[in-house]
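Given below, in the form of structure tokens, are the structures.
Note that subunit A is present in both complexes that follow, paired respectively with subunit B and with subunit C.
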Partner chain A sequence: MIRFLLKGIIRDRSRSFFPGIIVSTGVFITVVMYCWVQGIFNDMFSVTARFQTGHVKVVTRAYHEEEKRLPNDLALLQSDSLSAALQQQYPQIIWKERIRFAGLLDVPDENGETRVQGPVFGMALNLLTRDAFDRKILDLEMTLTAGHMPDNTGEILITEQFAGRLNIQPGDTVTFMGMTMYGSMVMQNLRISGTVKFGISTMDRSTIIVDIETAREMLDMQNAAGEIVGFFRDFIYRNETAADLAGEFNRNYSHSGDEFAPTMLTLVDQGGLREIMSYTRTMMAVMIVIFMFILSVILWNTGLIGGIRRYREIGIRLAMGEPKDKLYFTMIGEAALIGLFGSAIGTVLGLLVAWYLQRYGVDLTGVMKNVNVLLANKLRAQITPVSYFVGFIPGMFAIILGTALSGLGIYKRSTASLFKEFEE
Partner chain B sequence: MKNQIIILAVLSAILCKYSPGQLSAQKILEKTDANIIADNKYFKSKMIIHSRRGSRTIVSQSWVKGTEKSFTEYLAPARERGIKMLRIGDQLWMYSPRTDRTIRIAGHMLRQSIMGSDLSYEDFMEDPNLSKLYNAAIIKEENYLNRPCWVMDLTAAIEDIAYYKRKLWIDRERFLVLKEELFARSGELLKTSEIRKVFKTGGRWYPKHMVFKDAMKKGKGTEIIIEDIRFNEPVDEYRLSRAFLKR
Partner chain C sequence: MENKIVELQQVDKAYRMGRHEFLALKKVNLVIEKGEFCGLVGPSGSGKTTLLNIVGTLDTPTAGRAMVLNHGLENLTHRQAARLRSRYIGFIFQTFNLLPVYTVYENVEFPLLLLGRPEPERHKMVMEALESVHLLDKLDNRPAQLSGGESQRVAIARSIVKKPQLVLADEPTANLDAENSHHILRIMRELNSRYNITFLFSTHDEKVISYLRRKISLVDGRIVSDEHLRPEENHATASDL
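Moving on to the complex of A and B:
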């Protein structure tokens, strides 16, 4: 039967050509869009995890409530023992202490008075050990554009863009002004050892990277840390595992009323990522449904045109005694075969474009200038196992629905008047 | 009869002039400003900052000249000792002996808290001459801390101002603000201040113990206790210059 249908489709190209092109185009767009959204998601998750949230993060409850203002006054105390306990309890995760802080970076003139200054965001992590995990996870060696990595306490990295704005370079001394954990004023001279470029607008704007011991000394945070971030060893985020870990950890403290008790958060619990993820998934599903609907309407119309063109053929087949149901389902079978081939062609073309976008990406530095989410300036698509079949859903469904609707005309043909039609 | 009319007229004029109830809102504000502002002023104060993790006490001494210049030196605790702050007009500098640097505080930094307190640099910079900055209206009279007060609404008369609206409780006899609520243009409450204790010095009533509270922050607020205050003592001009910061 399939062979018979195939012969019909191949020999009468007008039956398959136009519907095939429509299906291929729709599937192509679906596959490219899907891979593009997946790529942006993956990038957002990866960058956010590396720079801000980890795959899981432990902070105090009070810190979590006011996280936006980077409240180091509400930081974790005895962070080394908590860190060690986490490492022992959850060895599948790599735990690292971090401090994020904000303030003012002031550049002196020759008299030691303010020449230029700007608000600064600081990130403190382990920098001084050559093979430190944090150096690797932020890819610091690769992002270094001038100077060298900090070798001593008091040395910092500054983003190239920020350094350019302040007109400073490696070797210069700047003063950080901010607040200690206990609210005292901090004015601390820091030496720039190198400049970095992350390729992430939000980070490149005004960031300094400081060794955690320098930050502890500067912010009066001995044996304290704002956050302890955790990463799965293979750096693949698994939401269910992370949620289980967080649930188990938080149950241990569920009876404590202490606002400084530690709490564990997963990646999607932070920065509104869960909402963004849910919204984008819903939008993606809505987009596919709308696509299916539009394709169905076009293919319904194509089916009706095809029905007119094949009006005589269908009439002869009915006159020769072919049951209406069989004829109807034969046409749907034909449509399914066209849908299958069209979807396959659309998927292959879509994957080729997605592969190009995955490999080379699209540089949106200009657009990202004022964007405040952690997203790389160069956006890339990502091909996942789902990319190979996602296009078949609208492709197959639309053509079958379109043909099923247009094919209903078969049942309206009156067998009694068929011969009269032929005589005319 | 003619004499009686003259006496009545004179009495009415005197009553009108000296009855506080007859003062306009703007006049009350001017008198309140005059009570606080002095040509020269020296004071030593203690600031107790109650944060969510505990309390800290910061001791400082300040020299103030009119409404334009002031100099503050922090005396305790050890981490803050030696930090100096100079205000000239709308400019503010800070000196830290630890870095031997003088830094100008400007832009968004002005909105940051001073030493983790409920006060910002902007509060510190504020012109105390409220009558020049705000249009006032008396909304009611009521007792506050057993003192008869005017409750007044102030609306900014200029554009560039930290607090668009203020609600004041002004002591009707002492012309002293006993309570204050500060609002943003949107009507959101930003800060409150309350006076717990007052004292009379140099012929004027002055706050002895105040509590400031940033409505955006959790915590019990910041207490300021005036330990010593002297009005109209000469202030060395050199002390109110940038050169003095590094001394």
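Moving on to the complex of A and C:
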């Protein structure tokens, strides 16, 4: 009987073709969309973690509350002993002190007068040792477009785009103007050793990368750090683990009264990522469900049309004594089979496209010019284990639901009119 | 009596037409015994199809008692009726109604698939059925590649392949020319005598009537005469062709 039905499906192309196409298209779109969103997330998380938040981060409570203005007056003191303690207590994580700061960058002409000036965002981290972890985490060697890595204090990297705007190159000297940790003015000459390009609009606009000791001296932050960021050793963010660590740390260290007490934040605690993440997850789920129902309705209609085309066949089978239940379930069985193929094809095609998007990405530099989220200019999809069934299951569900609805007509069919129907 | 295939007692069939009821069958009494070759004859609208529907368990009477193959139709569920049909009753329709995506062989095989017969047995029965309608050379043809007469012969093969007790045919020759009509009638009579399958036709075709051994005349939903005939000698059986 199954062979018999299979023959029917294979020979009558319109029985299998349209539902199959519809299912595989739907599944295809779902898979690509899912991998795409997943990839953007992954990218956003990874970029944000590397440049801004770490997988976890320790700051003072007050600093956290005003983080937007980079309040180094609220920095962690005795940061070296704190980071040593963290390293000892949480060896599964690599802890690094960082300072982020803002100010003006002034480029003098030959006479020492201001030629150009622009606001600057500075990131200070451990740069000087060749195998420094931060060099690797930010991929600095790879992003270097001219000059060399800083060798001495007082040397900095500047983004290529910023350097172009200020019309300066490696070897030139610029003046940083800003505030120390204690609120007094700073003017410090810095030598540009090289230019970098991150491929992240927000970062590339006007950033300098400074060795942390240079920054400490400049900003009067001896033995202090704005933040201590931590990374899982394999660089895979695990939200539950991070949340557990932060919870434990905060129970031990964050005394409720002290606004300078260190507090640990996870990646998703920062920059509104948690909201973005849960919002997007919900949206994805809602979209997939809506999509599934649209697909079901389309397939329901396709099923109805198929039912009209097969009206006679169904009649003959009823007359010959095939029970209605059996007929109904063979219809659903056929649909499931078509759905299986359609979903499989849709999934395979979707994964292929997703794989392409994962490998090569889509360059959105133009679009990203005004984007203020930390996101690479080249967006990539990401294939996760979920990708394999995120379209498959809704696809199967949709075709079975659609067929189950359209097939209900079988139960309304009266056998009493069969002879009449077959007179024409 | 063991040999009663069909027994109708005082059977009425009423169709509801809005507020009125229309009696398509009125107090019909009929007994058909195993091996009969009989026809329902009567003008259009006399109730022939209605009666076939009831005998074929496709519909139920509104009054009276109907026994088909020892089952009372009054308390037969849809499922039981379907099983009765699939095991013991074959149908031949006015239009041939083969399944278009399947070959001749597969069309004839279908009733056996429904019964879950094993493959070697199916093959033997299908070949035998196709042989008896002289279609062994068209096994792999699709219905679209057959003439009307050939199609109806496939339909006959399909109706008898499971060796049913009863074959019902509603105007089986209405869409055929004279030559094909004679051909299939000879085949059916041959099957009737070879396998002792009971045939019940509805018809107003004189050619069919000349083959009948029993002619049941209906007028306005009533049986007005019921005669046993001697089929004319000039109709040779299929084996002579």
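By definition in this document, the second predicted complex is superposed on the first by the 415 of 424 C-alpha atoms of A that agree within 3 Å, B and C clash if a C-alpha of one lies under 4 Å from a C-alpha of the other, contacts with A are read in each partner's own complex, and residues count from 1 in each chain.
The rule is short, and it goes like this: a residue touches a chain if its C-beta (ideal position, glycine included) is under 8 Å from a C-beta of that chain, and two chains touch if they have at least 3 such contacts.
Here the structure is a predicted model, which is why all the values come from computation and not from measurement.
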Following the superposition defined at the top, how do subunit B and subunit C come out on subunit A, clash or fit? fit
After lining up the shared chain so the two structures overlap, which partner does A:M320 touch, if you call subunit B first and subunit C second: first, second, both or neither? second
Looking at the overlay, does A:R191 come into contact with subunit B only (first), subunit C only (second), both, or neither? neither
Give one of first, second, both or neither to describe whether A:R413 is in contact with subunit B, with subunit C, with both, or with none. neither
For subunit A as apex, the angle formed with subunit B and subunit C - C-alpha centres, to the nearest 10 degrees: 140
If you stack the two complexes on chain A, which partner ends up touching A:K7: first (subunit B), second (subunit C), both, or neither? second
First (subunit B), second (subunit C), both or neither: which does A:A62 touch? first
Between subunit B (first) and subunit C (second), which does A:R100 come into contact with in this model arrangement: first, second, both, or neither? neither
Figure out whether A:K378 sits in contact with subunit B (first) or subunit C (second), or with both, or with neither. neither
When the two complexes are superposed, subunit B comes to within a least CA distance of subunit C, in Å, of 75
Go through subunit A and flag every residue that touches subunit B in one model and subunit C in the other. none
Touching residues (chain side subunit B, partner subunit A) in the complex: 49, 51-54, 56, 77, 79-80, 83, 94, 96, 98-109, 112-117, 242
Please name which positions on subunit A make contact with subunit C in the complex. 1, 4, 7-8, 11-12, 312-313, 315-325, 415-416, 418-420, 422-424
Taking the complex as given, what residues does subunit C use to touch subunit A? 49, 52-53, 56, 58-59, 78-79, 81-87, 89, 91, 93-95, 97, 99-102, 106, 109-111, 113-114, 116, 170-171, 174
Please name which positions on subunit A make contact with subunit B in the complex. 62, 73-74, 104, 106, 108, 112-114, 117, 119, 175, 177, 179-180, 182-185, 187-189, 220, 259-260
